[in-house]
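Data first, discussion second: the structure below is written as structure tokens.
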Amino acid sequence: MEIVQQLQIEPGMSINSLVKGMGHCGFGARRLSQAMNIYEEMLKGDFTKFLTVSGAMVPAGMREIISGLIRGRHVDVLVVTGANLVHDIIESFGCHCLGSAESDDAALREEGKSRIYDVFLRDEDFAAFEELMQRILPDTEKVLSGRELLRTLGSGIDDPRSILRSACDMNVPVFCPALPDSMIGLQAWMHSQTKKLTVDAFADVKEIVDICYACQRSGILIVGGGTPKNFALQSMLLSPRSFDLAIQLTTDTPENGGLSGATLSEAVSWGKISEKARHVTVYGDATITLPLLVAGALQGLEKDGS
Amino acid sequence: MEIVQQLQIEPGMSINSLVKGMGHCGFGARRLSQAMNIYEEMLKGDFTKFLTVSGAMVPAGMREIISGLIRGRHVDVLVVTGANLVHDIIESFGCHCLGSAESDDAALREEGKSRIYDVFLRDEDFAAFEELMQRILPDTEKVLSGRELLRTLGSGIDDPRSILRSACDMNVPVFCPALPDSMIGLQAWMHSQTKKLTVDAFADVKEIVDICYACQRSGILIVGGGTPKNFALQSMLLSPRSFDLAIQLTTDTPENGGLSGATLSEAVSWGKISEKARHVTVYGDATITLPLLVAGALQGLEKDGS
Amino acid sequence: MEIVQQLQIEPGMSINSLVKGMGHCGFGARRLSQAMNIYEEMLKGDFTKFLTVSGAMVPAGMREIISGLIRGRHVDVLVVTGANLVHDIIESFGCHCLGSAESDDAALREEGKSRIYDVFLRDEDFAAFEELMQRILPDTEKVLSGRELLRTLGSGIDDPRSILRSACDMNVPVFCPALPDSMIGLQAWMHSQTKKLTVDAFADVKEIVDICYACQRSGILIVGGGTPKNFALQSMLLSPRSFDLAIQLTTDTPENGGLSGATLSEAVSWGKISEKARHVTVYGDATITLPLLVAGALQGLEKDGS
Amino acid sequence: MEIVQQLQIEPGMSINSLVKGMGHCGFGARRLSQAMNIYEEMLKGDFTKFLTVSGAMVPAGMREIISGLIRGRHVDVLVVTGANLVHDIIESFGCHCLGSAESDDAALREEGKSRIYDVFLRDEDFAAFEELMQRILPDTEKVLSGRELLRTLGSGIDDPRSILRSACDMNVPVFCPALPDSMIGLQAWMHSQTKKLTVDAFADVKEIVDICYACQRSGILIVGGGTPKNFALQSMLLSPRSFDLAIQLTTDTPENGGLSGATLSEAVSWGKISEKARHVTVYGDATITLPLLVAGALQGLEKDGS
């Protein structure tokens, strides 16, 4: 039986070494280390790599980790919430501000600031977002899929660090299963009152199922649950395959029965994840665990000369 | 300054009395009591009543609380996840089974059971679901809104206790902002390969914004966060109004910055909830807090002769 | 296989019926219902009944539920945190106030109010507490156990609704394994500077182990984890027995490896709980789940004519 | 207003740089970065440094981080749970094993293994622990404080990486406010049946209050809440001072009103922490956040040539 090896802190140690050392510890430390090992395997191997992103990751500063992964060819399919895309677009010309979670929300309203926990958005950035959206939303007779719409938006964003632009440049399909549930949805509706714009709600289903059908081995990194998690997992149901590697970073726990906290083992009973798959869930705030996972795995890849 | 009054347990006391008594306590007890008071006010008054439902509430046994509220005219707008609708449809002819959360998921897979925490679904019920769906999904040239599609589905379900059927009977619009992210989405796509079916992804935005525009005073009961929460709240952004009463039942806490755990106060900074609104968040499993809230509030209404 | 029966809300239904109905549901509802069944069995049967209480239950209004259980002969051994005893003593002459969790803590400090989430304590009540303590703390050559000290304190409290007084009146031993970690500890130390007072830190171990040795069948209701949970469970280790029934109400989940969220199954591996025991953990705020559990179980006992 | 700077992952970046970069992000990332800044200030400056440790940190592999901090003169007062001390003693001659959290606990019981989430302890290590304890527990007429007892135990442990031994070597007082609530308590009671051993439950109160009185500026790192948190904080109440710097690593959140999740701001209302103090709570598993905090802060100290 393997024994717990007490974690060593050494001067100048790398993130990769620290997280590797956690693999001989218990609790969350071990899970994070397992996640890094699985992620290294996923990035090195011949896997179709899915990344799903939920939670306000872009407002919280995780945007360039995601676009960096895309540009580094570490993402083949991105499934994301509309809100993260809205904030990605805003970052391409504007900014998010560091605020306080204990603010007076009525006062913020007066000042024209909208709060996301301890991050603020200014009304002027929303106004500029609307203007940009009305400019880059397409005017076309063709019925589009959500993915096609997002690709068009990506090509209209002039910022190489943008998630949408990076995905467009690298030919990575972006799916947003709850597109109407975002400011993109509100803008698309306003746009469609004077222009031609129709998005077929179910067209994306076909596109992602086709990808699932085509892929041999596949891996998934799930950041934060939500509709992106389910949409990616359920797409495997219509294919003869299932995910071979899976990592989940979440703050939800299984006990409440919700999907965001559901174990990856549960997904095995559905056939979404292979019963032979390596999989692990890291419980905790993804603004801490995602940077550790990515920085550690990339250091690991380099060491191996990949 | 009001003082804590130690909670009294009395023989034969009603749910309403117990929860009323919690109003003089601290922590979650006080919040639950405030929620019941706000809900009573909402149900008694002239409010447009929104209900949003996320989390696997139907598999967990909360289906008839929801359809009961609809038939009791306590819901004017329902926003819900696709998964809950799938399970509502399955309950109309099949069932969910009581299982164990500590099951062997690979074995369940073999047995044809899919697990949702401690509830199982049998493959035969999914097969019957598919058959029913292919029968009741419309075949029409008309481009539909999601709400129209769901109304059609509701009219095809032969079960008065069904959420979709109840909403159809009572003329309550049902919105599902992530419709493709569910088995309804998968079925709709399969259906559309041989039949005519197009749902406009953004048509629902117009419909719900129109409702928000039209309503005078409004209240919202949010069960479980997710896209239903955001979709309902953001719809107020395009109207001159905001919610006057708001209750949230959630297992998420604010610290991680995600929307499902965001305070209702945060929504005040966005203008989604009025700064004068009465609002409260009850932290905890909605399979416990929702029945208490509803049973307590309905007992309260009766007492008042409403 | 048993199926999920959708929960019914009926006018005037009792707490016992509601919670009974939850037994055919999933998630937290089912666990709460199982807990009520186990608690009814414990209260009806010939079990030595342990109750452990952690978390600020007395400031939050749960004091008379606890003292009521003691006076109703539903508790044979109480293990509790020092803080709850301090607040029990304060309630015997003073009060706790309903405040807001979003208060300005520096301002509260100025006003002489100490905050426990949304409950306040006034400096004058602490002053009266100190005065009372200096009066009722014993002055004796005898080396006392913690239990003996708490009995002496209980006999000095002139309030039948007090936990300590009720335990004294009903001859229920009270253990507080972290006695120095409370204002009682601070007061005892001050007292001992001018009077004779020595409490043997380990004497309680003998006393509770003797109880564990003597009992035939035993059950435990654990409210909130902490040292009371562990102290009661570990006491079984030195006896040939283990708990036959166990209920835990906690907000902690197992994933972080801490004792407060540890599953009761984990305690089986230690031999603290019998492998044949019926046991269940209810996740959630005990200010909600404890009143439900107790009110429901007492209604159940009455129905049975017990 | 400061803006969110999207976090950069760079090849070979240090832990210190990564966490520094998190300071311009939102949510948990920002809190972790603030914690590292406060900890660097604490370690550099002339502060009396308190460390409190709760949760099964030693079984999970954090033992040498703690003893390393002690030997590096970064701890002046240690307050810790009995369980962590028991496991520290066991590690001095035995080991903890890496197991699975999904084990069959009745089978583990048969095999002589006790489980702490995903870590196992073997019966033979407990047996050796008992033997060692009976050997090193003192036999003395003198009434001891808990601190004195723990110092004696520390001097009897032949392992420089031990927390207790390191504290003994470095003259760091160790307080365990719930000493009876551990295997040390059980062993001490057994020992006292044949030998002379009396520990005065309240003697530690005097010792730690004296330290609080004597210190000028003070800082506290709270790992995991529990009695260690409260005992250290309450000790300031009897002194004219309060903590000037405070960091808390916890998985509990404030909403349930328990002390382990209580905000540090709440402690300001009590006068335990100064209203001018810099303080921050990092929510999450301390087996991840503690190594990051310590490794990052120590790298920061080195860079500064401290």
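Observations
Each chain carries a letter (A, B, C and D) given by its place in the written order, and its residues are counted from 1.
As a convention for this text, contacts are C-beta pairs under 8 Å (C-beta built on N, C-alpha and C of every residue); 3 or more make two chains touch, one makes a residue touch a chain.
The structure presented is a predicted model; accordingly, all values stated were derived computationally and were not measured.
Greatest centre-to-centre distance from chain C is found for A, with centres as Cα means.
Over half of the residue-numbered contact pairs at A-D are shared with one candidate from C-D, B-D or B-C, namely B-C. The mean-CA centres of chain B and chain C are about 35 angstrom from one another, to the nearest whole unit. Here the spacing of chain A and chain C, counted between their Cα centres, is 43 Å. In this assembly, the C-alpha centroid of chain A lies 26 Å from the C-alpha centroid of chain B.
Multi-chain contact residues of chain D (touching two or more other chains) are listed as 26-28, 56, 59-60, 116-119, 255-257, 283, 285, 287. Chain-to-chain contact here is organised exhaustively, every possible pair of chains being in touch.
Residues 26-28, 102, 253, 255-257, 283 of chain B are the ones that touch chain D when the two sit in their complex.
Across the interface of their complex, chain B is touched by residues 1-9, 11-15, 18, 22, 24-30, 32, 56, 59-65, 68, 91, 95-99, 116-120, 161, 283-285, 287-289, 291-292, 294-295, 298-299, 302 of chain C. Chain contact summary for the complex, chain C toward chain D: residues 54-56, 59-60, 83, 101, 103, 105-106, 108-109, 113-119, 143, 146, 177-183, 185-186, 188-189, 192, 197-202, 204-206, 209, 224, 226-227, 230-231, 234, 237-238, 251-252, 254-260, 262, 265-266, 268-271, 275, 285, 287.
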